[in-house]
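Each of the next two complexes has subunit A plus one other chain: subunit B in the first, subunit C in the second.
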Partner chain A sequence: MSVFKDAGHLLRFAGLFVLAFLVFLVVRGYVVPKSFGQYGHYRGNAIGEIAAHPIQYAGHQACETCHADVLDVKKNGKHAHVNCEACHGALAKHADDPSTVKPVLPDTAALCARCHTASAAKPKGFPQVVPAEHSNGMPCETCHQPHSPGMDAPATAVGGAK
Partner chain B sequence: MNGVEGFMYPNEITLEWSVLIVLYPFITGLVAGAFILASLERVFQVAAVKPTYRLALLTALAFLLVAPLPLVLHLGHPFRSPEMYFTPHSTSAMAMFGYVYMWYLMAVLVFEIWLDYRREIVLWSQSAGKWTRWIYRLMTLGSSNISERSLAIDERVGWIVTLIGIPSAFLLHGYVGFIFGSIKANPWWSSPLMPVVFIFSAMVSGIAAVMLLYMAIAKLRKQKIDIHCVDTIAMYLFYIFIIDFSLEMLDLIHRIYEADESFRSLNFLVHTQLYIPHIVIQICLGTLTPIILLGITQVVKLPEIARKRIYVVAGCLTLIGIFAMRWNVVIGGQLFSKSFLGYTTYKMSLVTHEGLLVAIALTILPLVFLWVLIKLLPPWPEKDVPEAAAAD
Partner chain C sequence: MKITRRQMLILLPAAAVAWESVLAGTPEASPNYKMADHWWSMLIDIPKCIGCGNCVRACQAENDVPDGYFRTWVERYNVSDEDMTNPHVISPDGGKEGFPVAQEDGEKYFFVPKMCNHCADSPCTQVCPVGATFESPDGVALVDQTYCLGCAYCVQACPYGCRYIHPVKKVADKCTLCYHRITKGLTTACCEACPTGARQLADLKNPKDPIHEFLKTHSVQVLKPYMATGAKVFYNGLDGSVR
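Coming up: the complex of A and B.
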């Protein structure tokens, strides 16, 4: 029995470990969501919560229903495959109530630079400029028609600067 | 904006892993190395290094406490970090770090230090000042049994813990190398030799750090440096350094001979951007010079003062060299495009949460922890403990 007596301090240290482990289990039970691991290594309820989010994007088909004139300009240009809401932002509310919810026209000086600022990582054939040198802060739509940005399309065509 | 030459993929232009990720393997390396030095005395019965045994353990603990901070600062969201423990992903090597770290911290280092100091802790709990007495009392865990038999049990258990600690130290740092070595998309990192190289470089840096700390503390305390102890440490440093250098050269020669599709790109990098940090600082200044200096002390009989000076210079150069090795692995591995057609640059920021000032603070912080630990648990024997109090 004296072995246990003289090793008592070791049992206390082990007890500390057991206590820490129990605290860990209690905290884990409290902080890990109940639905964690239901489908995989994530919170199962997250799927339902994300699905319940209100729809923000209307989709280009909704835009084209009313803006067929823009579609006519866009479909033959370089931006034919760029979705409307990629530049104009999420517009589901506008599509639901076009007369009340009016979208704000984007500032092309900032908008175009997002994709067309020169970078070594972009393919050589992709149109890219150093905005400060190229336009010196002028809106791109001064020269380019955003829905068909090639220089052959007049900047005053449908959907351009207004 | 980073300076880019040639073609880079968009996600390669800015380096995601900064100087803090360089510090992480450097600090864990010091932990593992310091512990291996401590194990020389405990397990391998190298009596000459006994004066550094406790200092090595406290150094390992001080640096281990700081080891996760670079990662937390880099990732941000410190309140999310416990999730690594709560919901670990078994297929993620990085996610297992928390458990490896906790095992090494609690089951190895803290336990071994507690066992080794237990007799003094009990005595100090009965004699120290008002406030420190309470700290020591807490550390006794309510047991003041320091009978011969209980201390003999501590000695035996401590030996077993050290024995388990050696593979644990290898696991801790080999694992850091494994994280890099297993990234097969990056040819600069992807090598099965990486964990082994990391272990040996960790041993080199940890042993050098404890040697320097021992000499510096002895100087500060105006105590005589045990030259036999420092000579023995330097001898082990020399031999382990040779193994470390051989492994690194083996890796290099293998890469040159294999000359796979990444070779031209990496070769260009080593001869341009990485020339100073890799060839000059890591290999020439931080590896060959200390090996030659330590080699001289092994073959030429030099006076004591000359040996001490050589050890200080070699130790400092070793730490610089190992830090450069971590730098070249972490930063070097992000400077080239995985298309092998372009290169980017790393510009270290100064005052951001991943900048130079934070890196310097994180390098100094373990020394502050060490100072506190040394105040609390003096590693030298001359702090008298009242033997009479050991009666029970």
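Coming up: the complex of A and C.
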């Protein structure tokens, strides 16, 4: 076959190409993480790494294991569905180590006003006051117990989380 | 102490059983979590939102979100009767410290919490050139920050403005739907901190989740439905002026 008479330079080039491809495969096998493609076009292990992020908010279930007394006060009041850390802040560290990490008591003047300051943007049924007119500068807890703020007989809780 | 083969045969299964119970007692290890059993979404009940900013602060504390950046934020809409298509929207510092008092002036005011919609067909994950962002098998849009180049294609692609480049890490950052919490049986930090239940984590694959009843009985909308992103953050009572 005279066509392939002078094909040596082409074969050498093809050989080079094959070699480069093999090198590519080896480098790729080395560089691409093992879990890449496990679930899709991404590193499968990333899911576990993201799930390993430390927790800051312990969750109300954790609080209730020790503070059952507060739960008893809360459960019939208007704040029955307000989770502990909504007011007390992130306390996973306290839940992990209750003796050394002590939570700071929230400042009710700022805390209550954050939710209950009257505004036209808030839902109409939500209890709202103009703090300056409402309390005459007295702290909220003079009249309201934060865990069960209603002042009458235990009110049935309305709204709030499940 | 010498352990015979007989003792070893008894001890090994006993140790295995004991280890099982140890694992069961530590939710952090989440060994029982199966991605195939979940399809996460969120319900935002606008008529319940009071704009306190608890969710924004909780998110920043839980996820080390840098100041001035937000994985979730709250907007206050002010819509006048005459000009519904041009609402006046404010979100001072993402609503983190609440909002200025709105006076009763006859116009419509309401709060809209915003966050990643964890779209089933997310535009952000489609544009990633390196496979650093993806929709997890349980329906959460996540970023592999060790793989991300920081090109910010995804930041531009998100129609909801839910992504940013982390100012220190220089990689894409976004809401993970508190993936580290929901895989351990906890709710998200924003839901945990919401005092009125305006935000509810929902698992669409769980037939007992109250989300199914809610979706059936309420007028629910997602943001920018015309973009067909498969958004999974459902808004109850969403006003037509919200974008």
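One rule holds for everything that comes next: the second predicted complex is superposed on the first by the 99 of 162 C-alpha atoms of A that agree within 3 Å, B and C clash if a C-alpha of one lies under 4 Å from a C-alpha of the other, contacts with A are read in each partner's own complex, and residues count from 1 in each chain.
One rule holds for everything that comes next: contacts are C-beta pairs under 8 Å (C-beta built on N, C-alpha and C of every residue); 3 or more make two chains touch, one makes a residue touch a chain.
Computed from a predicted structure; not experimentally measured.
Q: First (subunit B), second (subunit C), both or neither: which does A:G8 touch?
A: So A:G8 only meets subunit B here.
Q: Output check: A:A90 vs subunit B and subunit C. Expected answer is one of first, second, both, neither. What do you get?
A: second
Q: One more residue to check, A:V82. First (subunit B), second (subunit C), both or neither?
A: The answer is second: A:V82 touches subunit C but not subunit B.
Q: Residues of subunit A touched by subunit B versus by subunit C: which partner has the larger set?
A: C
Q: Of the partners subunit B and subunit C, which touch A:A120 in the superposed model: first, second, both, neither?
A: In the superposition, A:A120 contacts both subunit B and subunit C.
Q: Taking the superposition on A as described, I'd like to know which of subunit B and subunit C A:K102 touches: first, second, both or neither.
A: Neither: A:K102 stays clear of subunit B and subunit C.
Q: Examine A:H41 and indicate which partner it touches, taking first as subunit B and second as subunit C; both and neither are also allowed.
A: Both: A:H41 reaches subunit B and subunit C.
Q: For A:H60, is the partner it touches subunit B (first), subunit C (second), both, or none of the two (neither)?
A: Second partner only, subunit C.
Q: Overlap of the subunit B and subunit C footprints on subunit A, residue-wise?
A: Shared contact residues on subunit A: 36, 41, 119-122.
Q: Across the complex, what residues on subunit A touch subunit C?
A: 36, 39-43, 46-47, 49-57, 59-60, 81-83, 85-87, 89-90, 114-115, 117-123, 126, 159-162
Q: Which residues of subunit B touch subunit A in their complex?
A: Of all residues in subunit B, those touching subunit A are 4-10, 12-13, 82, 85-87, 89, 106-107, 111, 114, 118, 140-143, 145, 147, 149-150, 153, 157, 342.
Q: Inside the complex, what are the residues of subunit C that reach subunit A?
A: For subunit C paired with subunit A, touching residues are 28, 30, 35, 47-54, 58, 61-63, 76, 78, 98-99, 101-105, 109-111, 131-137, 142, 144, 146-147, 176, 179-181, 183-184, 186-187, 189, 191-197, 200, 210.
Q: Report the residues of subunit A in contact with subunit B in the complex, numbered from low to high.
A: Subunit A reaches subunit B through residues 2-3, 5-10, 12-13, 16-17, 20, 24, 27-28, 31-32, 36, 41, 119-122.
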